[in-house]
Amino acid sequence: METIAERGQTLEQQVLGLEKRIADLEQRAPEDRVALVVFSGDLDRVLGAFIIATGAAAMGQQVSMFFTFWGLSVLKKNTQFSGKTFFQKMMAAMSPGSSQSLPVSRVNYFGVGAKILRSMMRSKKVSSLEEMVSLARELGVRMIACEMSRDLMGISESELVGGLECGGVASFLGDSLKSRTSLFI
Amino acid sequence: METIAERGQTLEQQVLGLEKRIADLEQRAPEDRVALVVFSGDLDRVLGAFIIATGAAAMGQQVSMFFTFWGLSVLKKNTQFSGKTFFQKMMAAMSPGSSQSLPVSRVNYFGVGAKILRSMMRSKKVSSLEEMVSLARELGVRMIACEMSRDLMGISESELVGGLECGGVASFLGDSLKSRTSLFI
Amino acid sequence: METIAERGQTLEQQVLGLEKRIADLEQRAPEDRVALVVFSGDLDRVLGAFIIATGAAAMGQQVSMFFTFWGLSVLKKNTQFSGKTFFQKMMAAMSPGSSQSLPVSRVNYFGVGAKILRSMMRSKKVSSLEEMVSLARELGVRMIACEMSRDLMGISESELVGGLECGGVASFLGDSLKSRTSLFI
């Protein structure tokens, strides 16, 4: 028969084993984090992204936004044509020059739809996209410009607003692994 | 040397500590929940949202759908113009009057594409969007109409179908924090 | 007063209880998995999906891609009209015949936009969509063709590339339940 000392030792080992499994679970548990891919460059969808991002940050969550492809337009302060290839120039000419000229995903009618949406937002005292971007910064939302998209479209750093991080898809995936909420917008 | 009584006390404290950490993990563990943002008002995408929502609910998951922006059209039973501002009237005129007139995201050709899709679904005995909405209700799927979008577009309660909850982005984020699956559609 | 033997027994039972709760948490903990719904058939969005999928697989994650609706075009090697109903033929005629003819979501201009994007990718030595699909296969990414969409559009197996799984929405939901990242693209 097992003595009390032996049973105690067994227990001690069991507790040690459980402690390791708990520590492992703790490390793998999702954090209060939100990771967003902003792929779209449509004013309405981008507004949706920022409403979610600033809302989550205000609730105390860590938020990161990964801007890729058309989404990079949100971060542009101007468009430079020098230093771009022919196709990059064409792409730049057909893309919005800055956040101010983002179209809406529907009924845009050459920018009229976007103007109407902005005007409706003003009359309802909803923050403009540019104010939401500022608010996101103040709340500590990380904004990451996709390197591959920048390289592809030949967008130089001087075309983008300041205070951005640069990163590849691994930046998003690393954040998303730890996040409770990941969205592709 | 430690006595058996002392070792027992240490163990008891360790077990208490582990119990707290486990309780914390349990509270933070994601639940069998799905949280969907239905941003799009395109028939095809909205069908995708309802197929996922009803599928998950049938599998026993808690499902909530947060309808925002164009997605609100799914919940409209009619369009009233009185009480709307000029821009809200324009927006209403350019938006579908109800779920019956949602366009498809591609090859819509002024509604022909949507009619073809609905007809293909009928011939294959796939439930219509309206049947899926009913099924979702029966399965206990929560449907939340985004307050901010409603306010922005001046959509009154009498324009929407019954049995909806109203809520802001915090409703979605609260659900999403607990969910295993969150999608932006 | 409790004897040492009794206290030991209580401890043993507590440890057993904790062990069960830990095992339960371990089973319910999200895995290093990514589950993607590829709904879109736009070249740019599909590229985004494959960059995320191959990136995650390269980081050692289990990845599954569920191709539905327009996303099925990515998996088509050709289009057959025989055996399709009138509407299915119309849908097939208006859809891309294979991954080679996917449009871009913006500024497509009857395929010119897609050609420009592909050309920009070549000049920057970014893998083409077809190369990414091959890479995804090599990395063990599971590709699932949505049965319901196939049935709806009358797409036969001989129109699709080889090595695919077939499945319904439950395939996606099952994977998504275990995943850290689920996206609707």
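Letters A, B and C name the chains as they come in the text, with residue numbers starting at 1 for each one.
Following the convention adopted for this analysis, a residue touches a chain if its C-beta (ideal position, glycine included) is under 8 Å from a C-beta of that chain, and two chains touch if they have at least 3 such contacts.
Please read these numbers as outputs of a predicted model, since none were measured by experiment.
Asks: Between 0 and 180 degrees and rounded to the nearest 5, what angle rotates chain A's CA atoms onto those of chain C?
Replies: Nearest-5 rotation angle for the superposition: 120 degrees.
Asks: Under the over-half criterion for shared residue numbers, do copies chain A and chain B use the same patch or different patches to meet?
Replies: The interface of chain A with chain B is built from mostly unshared positions.
Asks: How many angstrom lie between the centres of chain A and chain B, each centre taken as the mean Cα position?
Replies: Measuring from centre to centre gives 21 Å for this pair.
Asks: Can you list the residues of chain A that touch 2 or more other chains?
Replies: 4, 8, 11, 15, 18, 22, 25, 29-30, 182-184 - these are the residues of chain A that touch more than one other chain.
Asks: Note which residues of chain B are touching chain A in the complex, please.
Replies: Per the touch definition, chain B meets chain A at residues 4, 7-8, 11, 14-15, 18, 21-22, 25, 28-30, 35, 37, 39, 41, 68-70, 85, 87-88, 90-91, 94-95, 148, 151-153, 168-170, 172-173, 176-179, 182-184.
Asks: Per the contact definition, I'd like the list of chain A residues that touch chain B in the complex.
Replies: Listed in rising order, the residues of chain A that touch chain B are 4-5, 8, 11-12, 15, 18-19, 22, 25-26, 29-30, 32, 34, 44-45, 48, 51-52, 55-56, 59, 61, 105-107, 113, 116, 119-121, 123-124, 126, 180-185.
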